[in-house]
Each structure stands twice: as structure tokens, then as C-alpha cells.
């Protein structure tokens, strides 16, 4: 089943055209990677896929359409991690992660069990009552990831979640994300510079260049050769 | 917050800011005396400060006109003496209420502007980059703003005098049957040039002090976005307090 | 994102009418604004009141040889003009700039995006409590400002001109409408400066200098807004006679 489908995307910023009628699709449980030179508009595409940046075209998550059902409905089924963790700075980690569940008026005891379990999974069991300023950068990022996953999204979209991390931490973060997504059957789309890591783990790879999204075919070796060409 | 901290924090802020202002004044004076302040940059600062404040000046001056008209018409009503209206309005507008309100408006506007720019430059390491190039940061970035603000304040105050007296005249004509001819006759007959000059001097003084406060606070801003934001807020508040206190000292101290 | 101040005000009213503004946060904001601005407003009104009073008395003595009569007029002018104006200007410098900087910082650190992704209106969560809180705080700040301004005038008159406070303070000069008008003014000033501050914050560029510019915009738009609103309210009162 197709979890994420985007079609006819036109992405502009001022006079520059980043995408001119491109699309992509991911099935449930699949991992997709989005690569491209710095400044090619990857982050803009991520923002467009969740309706934070205006674009033409349509995004569907589990069949729910940004056009027919509105962005609100699409976002409710999507977990997004942008460049900055963006935790609300006056709320505790618990309150940050629980926000969506409380908004859905879930009973408070259920909220606490679900959020507690999620935070334990992400190694944040001790940080429940802390505010973001008391956490390290890595912990903030994990808390933001927990917040993105709390409402069981069908699709997880990540904007370069390993940016600025050392190789060891990168491996840990990648495993954490992929493990969490696999356990929930969510499709994952992420933008990255880390070609080796991507090549080993992604089912699909797109290269963003010249106003197009080129899907790369074949296995890891093939991608590397095609990108080098 | 304990009572001690509640008292201590303002005291700390006051001493810190006063010290930084003194230091800023000394450095600016030294740089100016050695002719190391770039003239072109100073002129540019005067020009942009003036332009930035034009709309605010008009509204503040109309408010001044309104206030002095209410005040002056009190005399007219009470003693049916329309021939003093012009003088009363002139005295309040150019020497007392005008400089005070203009000082508040300009200091908030320009204090926030300079603090925002300097704090942002500091937060993005551009100040340190200039230092690393061997540039005398104070002479190039800070002193022109300190020197420009009194100049801009005097020019804007003159413009404000015209607008506020004009609107006070119109208010009295519309609501109090004091004709413009009576008003201007009264101004011509009783008013002193020294009052006008005193008002302009006050404006220059307010400009100088709020520039000192704003640049000192801007240059000592903490890194990061929230540091910049806090610096701007603090600059606006401190400028206002400085002017309110200074105004009191000048009004009551400069008796006669 | 809603842009103009009027659009902003409308969607804010919408939230208020639907009563989904977090009331507890509004009260906390009111408390913070009140305690943070109280000393500042009182000091400013005190100093300004003292110098205005001194100036009016000096002038009256020179023109008419008598300054005993300025008490009632000072009281009315302080109530309907200076006290609300100083509350407004102080709140623009402190509350307006502060809110603009806070919201702009949140924008720069991705918190506004995060809220939007969770289906929230940043206006409702981040701005509405502060605007409502400032409205309340300004109403609470106006009466102490009035009292301090009047007392500062009385002290000045006693020390500089030997006018007894009993002669200077003529409470009969004040009509109930004057006090109502002062409270309405202060409340609207408080709401307007925070609204304009919120707008400046929401429109900020998401980086450090953007935060600085937003805070500056907050001060500027706030003080300009207060002056314009003051003129409009004066004109309305003059033409309608209310209150």
C-alpha cells in the first residue's frame, strides 16, 4: 500500500525553480532517501511535503489528500522532524511529546503510559520532567523524534537528522530512527548527505537536480556509480 | 524571587548600564578628538535616524499639540485671556511637553534600532570578525551612532516644534475660538528664543543619553537569538527611564 | 500566516469568543506583566507628573501670578492623558518588545513550525494569552499610576510652591467618566501593544538579527500605535461625549 505519494510538485523561491512538476512515492514500511547538492532545495521540499512551504501539486498520505482533505488531515498522519528540534521551550519533555495526544482529548492516564513508553524507548526516561534547555542537543533531537512519532504516523519525514553528528552517533541515530519506524510500519523519507549510510539502508533513492527528482535504480553499487556519473 | 533579589537586580542593572554608558562616552569622545570617527558613516546615521523617525515624530507632535492645547485653553477659559494662549502653548510645546514626548518616542525608536543592529552583529560574530581585522570597533560602529543621535534629535525636534505648534493653533481655532492670528500674535509678543533653544538642547541631551544606553546595551548583548531580543527590550526600557529622570532634573533644576 | 494587525485581531477575537484561549496562561501573563512593569510605570509616571506639574505651576505663576488653581486641571489631565499614555508607552517598550522577541526566538528555533505541524495556530498558543494578559495587566496598572502621578504632583507643589496638598488635590474635579475613560484607554493600549508585538514576532526573519528587528518593530509599532490610538480615543470622546 502506498503510504506517501506526491505528484506534480512545483517548488519555487523567488526567481529560482527548484522542482518543476516532480513526484515521489513510498510504500508502507519503505525507507526513501533524498540526496542532492547543498542548496538544491531539499529542505524546501521537506517543508512543502508537510504544507509549511507553498507549492503546486498534491501530497497524499495513506490516501488522504492535501487538496481534497486539507493539510491539517495530512499532517495528522505525518511525523516531521525539521532541521531544528523545535521543542516548545517552556514545556517539559513530557508535555511537549504529549501535546498531540492531549489535543485529541485522550484520557490523561493513557497519555502518560504512551508517552512514558515512547520516552523509555528513546532513552529519555530520566528526562520526562525536564525542560528542553536542560537537555543536550542529541537528547533534544530524540525528544523531537518521539514527539513526531507519538500519534502513530503513517509517514515519517526527516530533514537531515544526522547533520553535524560524529560518525558513531550518526550510526546510533540512524538505527534508532529505522528501528522505531520499522516497529510501527511507517514509511520513512529523509534527506541526507550521508551517502554510505543511505546506500546501505534505503529502499529507494531520489536525487534532486535541475528541477527534477530522479529516482535511482538498482542496488548500492549502482547508485554510487550513477551519482558519480 | 526573594525581596533581596528584587531590590538587587535593578541596582545591578543600573550600575552596569551606568558604567557601560560612561565608558562608551569616554571612548566616543576620545575617538572623536583623534578624528578617527568616519564622517560619512556619522552623516549616514543622522540621515537614516531622521528618516526612520519622521512618521513617529508627526504623531508624537500632534499629541503634543493636543496636550498643550488642552492645557493652554484652561487659562483662556478661566481668565478669558486668549492673548496668553499662544505663549502658554509655545512654552509647553517647545520647552517642556514637546521635548519630553519626543525624547520618549525617539529614544524608544532609535534606542531599539541601534541596540538591535549592534546586538545582532555581535551575536553573529561580525563584531569579533572586525576586531580580528584590526578595526577599532568602537570608533567605526559605536561612535558614529553616539554622535549622530543628538544631531538627528535636534533636527527632528525642530520639525516637531513646527508640527506641534501648528496643530495646537488649529485645535484652539477649532474648539476654543482662538484665531490663529491671536495665537501667533501672542507667540510673537511674549515668547523667548531661549525657550526654543532650551528645548532643542534638551532633545540633544536625550538623544545623547539614549544613544549611550542603547549602544552600551547592544554591545554587551548575550549570544543567541534570545540575547538579541532581550538587549532590544532592555535598551528601550533603559532609554525611557533615563529620559524620564533626566527630564525631571532638567525641568526642576533649570528653574527660571 | 495571518499578516495584518486587523486580521490578527480578528482571529484573536475568534479564539476569545470560542473561549479556547488558555486562561491560566493568560493570568500568568497578566501577573508577569503587572509585576514586571509596576515599578517602572510608577517611577515614570511619578517623574513625568512631577515635572509637568512644576512646569504648569511655574507658567501659571508667571502669567497669572497664581498657581493655586492648577490642581483640578492637573488631576484631569493626569487621569485621562498622562497615566494611560505612560502605561501604554512602558508596556510597548517592555511587553511589546518582549513578546516580539519571544515569538521571533521561537520562530528562529523552529517552535512555530512545530506548532503548525501539530495542527496548532501559533497565535492561539503563543500570542493570545499574552494579549489577554496585557489587557488585564494594563487595567490593573492604570489606578496605581494615577495615584502615584497625583501624589508626585502634590509633593512637587508642596516643596516648590508651598501649595498645600489639601488645596492641590481636588477630587471633585474628577468625574466617574474620566476614570472609566482612563481604564478603557489603558486596557486598549495594553492589548494593542501586545498585538503589534505579536505581529512583529510572527513576521520576523528566523535568525538572530531577525529577532532583533522584530523586537525593535515591537517597540516602534507599539509606541506609534499607542499615540495613534490615544488621538482616536480622544477624538471619539470629544465627539460622542462618552464616557
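So that you can tell them apart, the chains are marked A, B and C in the order they are listed, and the count of residues begins at 1 in each.
Note that a contact is a pair of C-beta atoms (placed from the backbone, for glycine too) under 8 Å apart; a residue touches a chain by one contact, two chains touch by 3 or more.
Please read all numbers here as calculations on a predicted model, not as lab measurements.
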item	value
Chain whose mean Cα position lies farthest from chain C	A
Chain whose Cα mean lies nearest the overall Cα mean	C
Leading chain pair when contacts are tallied as C-beta pairs	B-C
Mean-CA-position distance for chain B and chain A (Å)	51
Intercentroid distance (Cα basis), chain C paired with chain B, Å	20
Centre-of-Cα separation between chain C and chain A, whole angstrom	44
Where chain C touches two or more other chains at once, by residue number	109
List of chain C residues in touch with chain B within their complex	39-40, 43-44, 47-48, 50-52, 54-56, 58-60, 63-64, 69, 73, 77, 81, 85, 89-90, 92-94, 97-98, 100-102, 104-105, 108-109, 156, 160, 207-216, 219-220, 223-224, 227-228, 230-231, 234, 238
In the complex, chain B residues that touch chain C	10, 55-56, 59-60, 62-63, 66-67, 70-71, 74-75, 78-79, 81, 84, 87-88, 91-92, 95-97, 100, 104-105, 108-109, 112-113, 115-117, 119-121, 123-124, 175, 224-226, 228-233, 236-237, 239-241, 244-245, 247-248, 251-252, 255
Residues of chain C that touch chain A when the two form their complex	106, 109-120
Footprint of chain C on chain A - complex, ascending	47, 50, 52, 72, 75-76, 78, 80, 82-89, 99-100, 103, 144, 147
